[in-house]
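In what comes next, subunit A is part of two complexes: it sits with subunit B in the first one and with subunit C in the second one.
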Partner chain A sequence: MRDAVIGIPRYLSYYSFAPLYETFFRELGFQVRLSPPSNTDILDAGVRETVNDACIPIKIFHGHVAAIKDRVDFLFVPRLAGAKMHYTVCPKFLGLPDMVRGSISDLPDIIAPRLPMGRDGLQGLRSLYRTGVRLTGRRVQAMRALHNARRALGRRINQIQQGGLEALGFDQPRDADLTVALIGYPYMLYDTLASGGILGQLRALGVRVVTPEMVSTREMRRHARAYPENLFWYYSNRSLWAGMHYMTSGLADGIIHVTAFGCGPDAMVNKLLELESARYGAPFMAITVDEHTGDVGLRTRVEAFVDMLRWQAARKEGLT
Partner chain B sequence: MMPLYLGVDVGSVSTNVVAIDGKGEVVDARYLRTQGRPIEAIQQGMREIRTATSDGEIGGVGATGSGRTLAAAIVGADIVKNEITAHAVAALYEEPQVRTVLEIGGQDSKLIILQDGVVVDFAMNTVCAAGTGSFLDHQSTRLGVAIEQFGDFALQSTSPVRIAGRCAVFAESDMIHKQQMGYGLPDIVAGLCEALVRNYLNNVGKGKDLQGPVLFQGGVAANAGIHRAFERALELPVTVPEHHGVMGALGAARLVRDEALRGSFSGSAFRGFQIAGHTYRTRSFECDACSNACEIADISHDGEVVARWGGRCDRWQYRERERTAVSD
Partner chain C sequence: MKVSYAHMGTSVMAVNALARTLDYEIVPPTPPTESTLTLGVRHSPEFACIPFKIVLGTYIESLERGARLLVSGGGRGPCRAGYYGEMHRRILLDLGYEHEMLFFWPPLRSPLDFYRKLRTFKGAASWPRVYRALRLTWEKLMALDDLEIRSHRVRPLERCPGDTTRAFRRALGLVDAAETVEETKKARSGGLELLDSVPVYTGDPDDLVKIGVIGEIYVQLEPFANFRLEERLGELGAWVQRSIFLTNFARTDILQRGDQGVAKTAAPYLPENVGGHGQSSVGEIIQYAERGFDGVIQLAPFACIPEIVAKSIVPRLSREYNIPVMTLFIDEQTGEGGIQTRLEAFVDLLRARRRGRKDVDDAALSGS
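Take a look at the complex of A and B:
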């Protein structure tokens, strides 16, 4: 059992909880193997293996599973679920282990603990503990592994909230004259394949970028209380609250919402962000990404948006 | 003689080249079909401009359009700008008070909202090309009405029929159905114009407050039927500028002229009109350095790399000094 290899697909909730997952299994004495960063092979495999109607992030996830399934003993596909009545996640997260089992053949054993999501993130992790006990038969070690894994995640979240994009490994331009708030789910923003490389494009244009991960838990809670509607999906709420934060705080010159084509929850998020940014006079643009690899459309929009912000800034300066 | 400034707009359907003088006035404007061969279209455009301007001195080149990177590499551009900014700049020269720019091109459509001479909002069609020039082209062929006469045909209609404009495929089957029910061709063509405008306003213009003055640009602005349908739907006068088909190129030319007069660059990067006679070799290959398997495109002339792109990393990134190194 020891020395067994646990495979973790480097996508979806991995972008939110990587230190938790990795630390937990390492501390239990397993080897952890990640799928490679998203690439076109993964995308192609995902498109091939997944039911046609699924959104592109779900297809990419299936591609990650296909990329490591033959090189691991266990595959970790957590089932994210709502902790309480009024908070949940997109049903595709809820049924993810079942979708993977149904679509891809010759899979290793899938470890699929139910991870309950509340307003502020992961809530109880008893199921993860039980998974550890089941895999190793050692209660104390599982408890300790979970404890250390939680601490690793907490440290990481703090680092990102304070250190910004650099803490996530993305360079920022030195003398940026503009700050754009890039709103979207972690697996859309930080995955170069899914995002179409938008972070790199903004950097090349000399723009500093802030994201929902840079908003403190306190600020998130403040907007959660203040906002009249609860969107009820964990990731969607975060996008909305972060958007509200950047619109009302003046910490960003403009808002770009990155959304996957056909994302159900985002139909709501996008409309609300659009209406709110009109109310607060914040320049807003939505970018819809899909399977197409040609990035010229994305580039045109991002460039035009940045031009527009600079043009407006120059005009304001001219007036004062 | 004062130097001229060139604007090159390489779009999916048309490639346009415009020459303006130091005062910003149009000296010559060329509208060519790209027909999937952008390099040849650029070369043809340069040939025609060269003749029309009797080989005048060029003070700067601006490139725009979806093929702007290619255009910039071939022609040698001082400024490379996206179409939104280029169209907005051209519209502001035309009408300094402009509030709304409607632009319908071959494969995309745009809406630009301005206030006090500054872009405050814009939108482009998303994943679908229904209701753009290509669709009209296709329908004109199918109905046997030349695209140039399409608009006048629509103007003859007294009661346009209703056609579903949400999707090109649905619109087509709807039109066939209406034809088979015996409706007159002008009414069907006018119905198509209204459907296209409705689709544009619901899709690109959704939730936006469109105010006058309104300019209508792009190749489709030549269509009087669409023009009238816009005026009806918006209940506002809509102006079609004289150079409506080449506004992107015009904007790029005016941007580069402004920069040149401001002294932002010295000595244009223009490679000269002789590029019209060059033979370019284009090839593409799949990079095998990692699993991204990027498709790299490489354009060269006389064994000298002019442009290379398509990679996610900078392994194949083409740099200007690489070119000088080769030509030294």
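Take a look at the complex of A and C:
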């Protein structure tokens, strides 16, 4: 089993739990192979392989699977699931391994532990441990791997909450006069292909960016209370709560909601954010990204929004 | 306070009876129309699924007609149905309607909550009265479903197109007018007789093309949402059976649900309940195939998440069980003409396959 290659698609929950996944399998003695960063080949393959009614992120994920499936011994496709009866996840995450198996042929062995998601994130990793034991037959090693993997994830989350976007590898402009809260799922915001490169565009415009990943668990919980318990699933809840945080805290001058074309939950999250932003008078713009979103069209809209924010700020200054 | 609710196919007649027996003044929801849809679309998020939009349109129409309390069965599980109610409430508030909403979550999820709401809803009515109301509702639901099932068998054989549908409408009228359990029973047998007296071609019903319908509940049950799919298929000479009836779990003559059966059948392909009817859809394709159906039609709202998960597994099922499956995704742009063409083509395909299979069987028998 040593030196066997385990493939991890660099997409979807990878953007939240990368250190956990990578550390775990490395410490078990696997060679970890990631799919390349999203690119147009991956997108094209995904569009080809996936049911055509699926949302863009699911298509991109299938593209990542297609990109590495032939070069690995095992393929890691975690199944995110609701931790308890009251918690849910998007059905596509819940059925992800089944969708992949239904759509792509000639797959290597799929490793699909069921990872329970609670309100604040992963809740219990027993199935990951069991996967480790099954693969290596070594309990102690699996336990240690899990322990270290969990610590790696914890460190990462702290880094991001303290260090902001830089900790995720994105530069910020030095003397920004504006802060925009970019709201959306991690696999929409930090994936340059999926986001249409919006982070880079904002940087070029001299805007500082904050995202849901920079909101502390405590803040998230505070906003969670304003809604019926677990209105949405993990990622969608985070979009909503983080959006509320930035609307009410004064930490951002405006909100941009980046949503995926064909995403069911997002349609609702976006409507709520729209209603709430009207209530709080927070400037708000929604951007829906699909496989045809042109760089230029996106840039024009982002520029217009930033111009509007600057103009508002200037007017406010003039008044005082 | 005048009460109203969503409209979902014929079941609305049973719900009307329930509310009336509990002494509610009701604003019975009217069957959705194009303008209901337009209303709903105008005020819904663009990517909301079509049931959300039609139901919102229905709510607005009822509120305009004086309803003040909207009652809804809250959904549950991973799909969007879980937050439908909350979204509807907010959107209607934003539109300036002053109304109240009462959500019934499934009793098992939170029995206490269910009981409290039931108590609110029953108002001054005594519990025996509630029991009688529920009894009548159930009787009506059974009668309505019996009529519908019968109409599916008669329609493909009718001599004069439209006869069955006319008889069916009259039969529904009988059930709607019934005010007691006894009357409902009588209406049911009267209605069945009406359907049985439709002039039909004689022939072996086994020769008919048999199509199973699966998919999301609202588009299965609301004829407006599925472009009267069952009527169309019947008129094309196909015998349809759909997978969802509100009285399913008490029946044996159609696919069994409620029990673990469907989930277990689906498990090798989809071991999780992905919300809505996604997992059932997978299991039902297998069950229809095993019962010798010629084909399956999957009905789903556009972008319906559970059905998309199911659909990604369909090619594999279709191959392994050798049964054609056609998926119809429905949104506000879906046109009647397009649907009709696709249905005709599908029925033709199934007929051709059936003939082909018979040829193969005959060939096998004659030993060549």
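The rule we apply is simple: the second predicted complex is superposed on the first by the 314 of 320 C-alpha atoms of A that agree within 3 Å, B and C clash if a C-alpha of one lies under 4 Å from a C-alpha of the other, contacts with A are read in each partner's own complex, and residues count from 1 in each chain.
Assume a contact is a pair of C-beta atoms (placed from the backbone, for glycine too) under 8 Å apart; a residue touches a chain by one contact, two chains touch by 3 or more.
Just so you know, these numbers come straight off a predicted model, no measurement behind them.
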### Query
Clash or fit: how do subunit B and subunit C relate after the overlay on subunit A?
fit
### Message
By the touch definition at the top of the document, which applies to A:Pro283: first (subunit B), second (subunit C), both, or neither?
### Response
first
### Message
For A:Ala81, using the defined touch cut-off, is the partner it touches subunit B, subunit C, both, or neither? Pick first, second, both or neither.
### Response
second
### Query
After superposition on the shared chain, which partner residues are touched by A:Thr300: those of subunit B (first), subunit C (second), both, or neither?
first
### Message
Once chain A of both complexes is superposed, is A:Gly95 in touch with subunit B (first), subunit C (second), both, or neither?
### Response
second
### Message
Is A:Ser103 touching anything from subunit B or subunit C once the two structures are fitted on A? First, second, both or neither.
### Response
second
### Message
Quick check on the superposed pair: does A:Leu231 touch subunit B, subunit C, both, or neither? Answer first, second, both or neither.
### Response
second
### Message
Just checking: does A:Trp311 make contact with subunit B only, subunit C only, both, or neither of them? Give me first, second, both or neither.
### Response
first
### Task
Would you sort A:Met268 into first (subunit B), second (subunit C), both or neither based on which partner it touches?
second
### Query
For subunit A, which side has the bigger count of touched residues, subunit B or subunit C?
C
### Query
subunit B and subunit C, closest CA-CA distance after overlay, in Å?
6
### Message
Looking at the complex, which residues from subunit A come into contact with subunit B?
### Response
36, 39-42, 192, 197, 261, 274, 283, 288, 290, 296-297, 299-301, 303-305, 307-308, 311-312, 315
### Query
In their complex, what parts of subunit A are in touch with subunit C?
50-51, 53-55, 79, 81-82, 85, 88-92, 94-95, 98-99, 101-103, 227-228, 231-233, 262-268, 270-272, 275
### Query
What part of subunit B is in contact with subunit A in the complex they form?
66, 81-85, 108, 116-122, 124, 126-127, 207, 290-293, 312
## Note on the structure
In the complex, the residues of subunit C that touch subunit A are 44-49, 77-80, 82-83, 86-87, 90-91, 94, 109, 269-272, 274-276, 278, 302-306, 308-309, 311-316, 329
